[in-house]
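Here's the structure we're looking at; comments come further down.
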Amino acid sequence: MSLLAVKGLGIGFGGIRAVDNVTFSTEPGKIFSIIGPNGAGKTTLFNLISGVYRTESGSVTILDEEVTRLSPEALAARGMARTFQNLQVFFRMSALDNVMVGAHVHEAPRGLSHLLGLPSTARENRQTRDEAMALLTRLRLADVAERTAGNLSYGQLKRLEIARALASRPKILLLDEPAAGCNPTETAEIDEIIVEVARSGVGILLVEHDMKLVMGVSDRVLVLTQGRVLIEGTPAEVANSPAVIEAYLGTGLPSLEATHA
Amino acid sequence: MLAQFLQFTMSGLTVGAVYAVVGLGFTIIYNASGVLNFAQGEFVMIGGMVTVFAVAAGVPLPLAILLAIAVAAIVGIGLHRLAIEPARDASPVVLIIITIGGALVLRGIAQLVFDKQLHKLPGFSGDTPVNFLGASILPQALWVLGGTAIMVALVSLFFAKTMIGKAVLATAANRLAAQLVGVNTSVILAISFALSAAIGAIAGILVTPITFTHYEVGTMLALKGFAALVLGGLGNPMGAILGGLLLGLCEQLSAGYISSTYKDAFAFIVMIGVLLVRPSGLLGSKLAERV
Amino acid sequence: MTPRSILKLAALALMAGTTLGAAKAQDIKIGAVLSVTGPASFLGDPEEKTLKMYVEEINAKGGIKGRKIQLITYDDGGDANKARTFATRLVEEDKVVAMVGGTTTGTTMSMGPVFEDAQLPFISLAGAVVIVEPQKKWVFKTPHTDRMACEKIFEDMKKRNLTKIGMISGTDGFGKSMRDECVKVNARFGIEILAEETYGPRDTDMTPQLTNLKGKSGMQAVINPGFGQGPAIVTRNFRQLGLTVPLYQSHGVASKQFIDLAGDAANGVRLPAAALLVADKLPASDPQKPVAQAYAKKFQDATKQPVSTFGGHAYDGLMILVGAIERGGADPKVIRDEIEKTKGFMGTAGIFNMTATDHMGLDLSAFKMLEIKNGDWALAE
Amino acid sequence: MRGLIGNRWAELGAMALLIGLVGLILPSGYYFRVGALVLVSAIAALGLNLLLGYAGQVSLGHAGFVGIGAYAVALLPTYWGVPTLLALAGGAVFSGLLALALGRPILRLKGHFLAVATLGLGILVAMVLTNEARITGGPDGMPVPRLELFGTRIRAPETWYWITGGVLLVATFFAQNLLNSSTGRALRALHDSEVAARAAGIDVARIKGIVFAVSAIYASVSGSLLALLNGHITPDVASFLNSIELVTMVVLGGMGSLLGSLIGAAVLVILPQALTIFHEYEHLLLGSFIILIMIFLRDGIVPTLRKRFTERGS
């Protein structure tokens, strides 16, 4: 039984198959990376899996439970969490509040007792806050916990998104370019965090342009071009595949080692 | 039966044409600057009132009309310079509140400069109704419909063919990029306010012989024009026109066939219904969230 | 901002609002809350102008027994909630001895309790019967009631043998209230209402409603309770659709402005209104003639606007009040009693005879049935 | 977190102090009435602020709920002998349920589309109140039976000032509770990024429904108090212009600031009273003030001033 299984997934926009017949599966504690040139459909694939777009064909299962076309919030309740390529941080809230929002699925939906400020709410707030602080500490954001997210640096925001995703205690974590725009030190930090999270048993699905990062941490790598799977295998297998080299050169990219901002 | 239907329809189209033009005015400013200008109805008022008072002062009608359009355009530029431009980076809802303040100011000035009475203009081609398949139609209604059509055509041409029109579109698409290619975006925004004001004024002049004018007519028109704009799809000029005509038709057909007491209610129910089926309006493009 | 500075600001703002309260002690303060702007502005505007004009005149002539009148006016914009605040302000801050105002029935009804509580006389300028029925100790009114207007119209219809009619009314306070009164009294005159339509106060085209009325067979006349732009548009649409049955308007259009707006379409329209509109056409023997003529001339000279009965009601209210003060002095209780004793006062609306049970004091004879002929008022009787 | 708690009591304390001190210096019934009107409007503005300022959802129809609350305390006691306080609660519950029922479909709309849908909603309420004259008295309105507490009829503006002040403080307390809970975090989150909020497991439709209902209840309570304070009510309370006025109060005082709602209400209620000395220049000046405040205090009065003070402080 795989953690996340994707079978024949596809969607089209105006006649173009943005994602076409993609199949793969991931295991707990493993890092599964998806790479490919710009416009290959990586983010679209993420949006399909996480329920932001509605799948046209194929299926997604989590631990053999059919979750195709479920809403993002329903998927979150089933243990999926994700980050976004273009920073979807709650900019007007403090860093701590951002992470506390991440714990939403574990909080009781009791609007009335929230309004009345019953002791249960205070207890819940305390627990969520403690957990969120622990995560902020883990991601070296403890000293900016009370700051408004809008005032944080880019690298901090990238880590904040990961902290928020982790706050839901996910079984499977989707990371969309977590190191994009980060300097080498920050990239190394994120690298370390990903490995650490995976080691705690979370299955990780990673989209990343930084080849050094991908090749260094991944258990398996899937190459996507024009919405289709080109090859799937271990980092070594993929790096040595002539098809991959050709695909990348074909799109005018200088080399596999290229990093993108 | 047909005569009755035609009568209701003509009534709806005439009423709707004003909503449509107000909606079009909204769209021009919205597209260029992202501001929803709730003082749009006041331009209609200025058009009507200035013409009425100029004619009363002995100015010939054609000259009075030109004067009214010019006054409205200047007021439009003034509104932009004095109220919108200083708050350029404010959030959309703050800008809306500013335009509501602007509407209050314009109404306040109108009540001082003019008066608080109702006024009318004579029909441009007399007030004798013409018979069309049993429905009786005022010649001025044809002026309103024709005028609206011509304005829509001219506005489309302006955007498609003239340098200034293209510059407005460029500014709307990307202000920074437009500046980089040498467009003076501040001037462009002023132009779009002036254009929008002029269009509103023309509408005000055309309908005054039918609907009369008054220093407070703007409030209701802004409300209906905004509804028309959203019904048609925000940002699409043709959508605003379609939305306005539909809203007018809805009101007058409900008044004729269902209940005159609740006609506005039916119009709003239809509108909410349309929005639930098409959340971006009739001609609005579907906005996908980029993540 | 500290709470303290907010407090200061608020106190300052409040104080700024009361500086006008500073007046000489011997002045007689009269309040007026009117709908000078908003949907009823064409009533409130001439009312305010009339009050100011006449207070000025009275003061120029030395005031009331040597005491000047200080008129304090507020604009409620037609909003009942604002009206009540201003009423409280007149009572508590400005310390007026009486009030002439209340342009609409809604604002009047909302202000009434303030003056009842404060025990100050309040002469309303609004039309509906509910203002004086049930009677309130401190509240009076000067315009004819809408029920009287209905009665006058139905009386005229009966004379002309028009028994099956259609009604189209505005959904504003005036139109709605008069419509309700008409529906109560029509049976008494043997008149049957075949069909009813309505329109909103800001509507600009009533052809659908009138097309439906036109389609009713056997309709002999149409009555249009309403004020503002609505009746003028109804009248024009009425002619546009080629309706030929008699059209009756209400006293809500008793202003030359209606004829100006409706143009040729107004010819043939009948309406009940005060003699003020036809001052010049009254026979010389009519005792109302000099009063009506004088008011009409003064108003038109001062404002350059056509005279309306609305301003006339304000004149009547002010003069009744002034008369009461002249007779008994400026004590509110005495003023109230004196207003109630008003007898044979010749106003623009007719002869007022107030009693302990009648706080309006006009009878049906004060109403004239007018017909518009060649763009001018004419007596129909 | 201590910051938030500190802010919380500071905000509530500032409000209580303001209400209390102003109440002590007000010289007459008229001032108390104006004060009570400020507080009543602030209750509705506070609710709208939860929706508009925190959750970022526009409503141009909130006066409709004010109207429902106002007519609940007028109609229920008049026709069915319902005790006034029960009628007030009834109006609030009805408003809340109506908001929940209508909120589901309508709140799927975004931005200006939501604005128009709520606008229609408000207009529908106003229209029913105007046209069903047989029970509502139509445009001329109807009298509201006075509130009786412990055998005495409450009518003095002073008493109303303290009652509405108390209600406002309770309303603020509840609003703070809500904001400081997972529901509150969720509604602020969906303002910034709906897609991220959903990915975090937030049922956006449900949260929007809750905050819409809460804000409707606030508006309804405010309407009930207004009706009881006035003793006579007309459909004007539900008018489009009053909806706009509520939005203006929120934006002027500061979106996302509860204290701002009180300040915004104070400005829009007191300013017209102060401007009466300028007679016909009143509207011109009111409009100019609104424009100037928005240009110079762009984030609203309270947030902008708070920012300036803290910047100078640090």
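Just so it is clear, A, B, C and D label the chains in written order, and each chain counts residues from 1 on its own.
One rule holds in what follows: a contact is a pair of C-beta atoms (placed from the backbone, for glycine too) under 8 Å apart; a residue touches a chain by one contact, two chains touch by 3 or more.
It should be emphasised that the depicted structure is a prediction, and the values quoted were computed from it without experimental measurement.
Student: Count the C-beta contact pairs for A-D and for B-C, then tell me which is higher.
Tutor: A-D
Student: Taking each chain's centre as the average of its Cα atoms, which chain lies closest to the overall Cα centroid?
Tutor: When every chain is reduced to its C-alpha mean, the one closest to the whole-protein mean is D.
Student: If you average the CA atoms of chain A and of chain D, how far apart do the two points sit, in angstrom?
Tutor: Roughly 41 Å, centre to centre.
Student: When the C-alpha atoms of chain A and chain C are each averaged to a single point, how far apart are the two points in Å?
Tutor: 71
Student: Could you please state the distance in Å, as a whole number, between where the Cα atoms of chain A are centred and where those of chain B are centred?
Tutor: Computed value for the inter-centroid distance: 47 Å.
Student: How far is the middle of chain B from the middle of chain C, if each middle is the mean of its Cα atoms, in Å?
Tutor: 35
Student: Which positions in chain A touch two or more other chains at once?
Tutor: Correct list: 52, 84, 88.
Student: Can you list the chain C residues in contact with two or more other chains?
Tutor: 36-37, 171, 198
Student: Provide the list of chain B residues touching at least two other chains, using ranges where the numbers run on.
Tutor: 111, 261, 264, 289, 291
Student: Going by the contact rule set out above, which residues of chain D touch chain A in the complex?
Tutor: 1, 3, 173-174, 176-178, 180-186, 188-189, 191-193, 195-204, 206, 210, 214, 256
Student: Considering the complex alone, what residue numbers of chain B touch chain C?
Tutor: Touching chain C from chain B are residues 4, 7-8, 10-11, 14-15, 18, 111, 115-118, 120, 127, 129, 136, 138, 207, 210-212, 214, 216-217, 220, 252-253, 255-256, 260-261, 263-264.
Student: Residues of chain D touching chain C in their complex?
Tutor: Those residues of chain D that touch chain C are 14, 17-18, 21-22, 25, 28-31, 33-34, 37, 130-131, 133, 138-141, 143, 155, 157, 226, 230-234, 236-237, 263, 266, 270-274, 276-277, 279-280, 282-283, 301-302, 305-306, 309.
Student: Show which residues of chain B lie in contact with chain D when the two form their complex.
Tutor: 36, 82-83, 86-87, 89-90, 93-94, 97-98, 100-109, 111-112, 219, 223, 226-227, 230-231, 234, 261-262, 264-265, 268-269, 271-272, 275-276, 279-281, 289, 291
Student: Name, in rising order, each residue of chain C that touches chain D in their complex.
Tutor: Residues 1, 3, 6-7, 10-11, 13-14, 16-17, 19-20, 36-37, 73-75, 78-82, 84-86, 88-89, 91-93, 104-106, 109-110, 112-113, 117, 128, 130, 171-173, 176-177, 180, 198.
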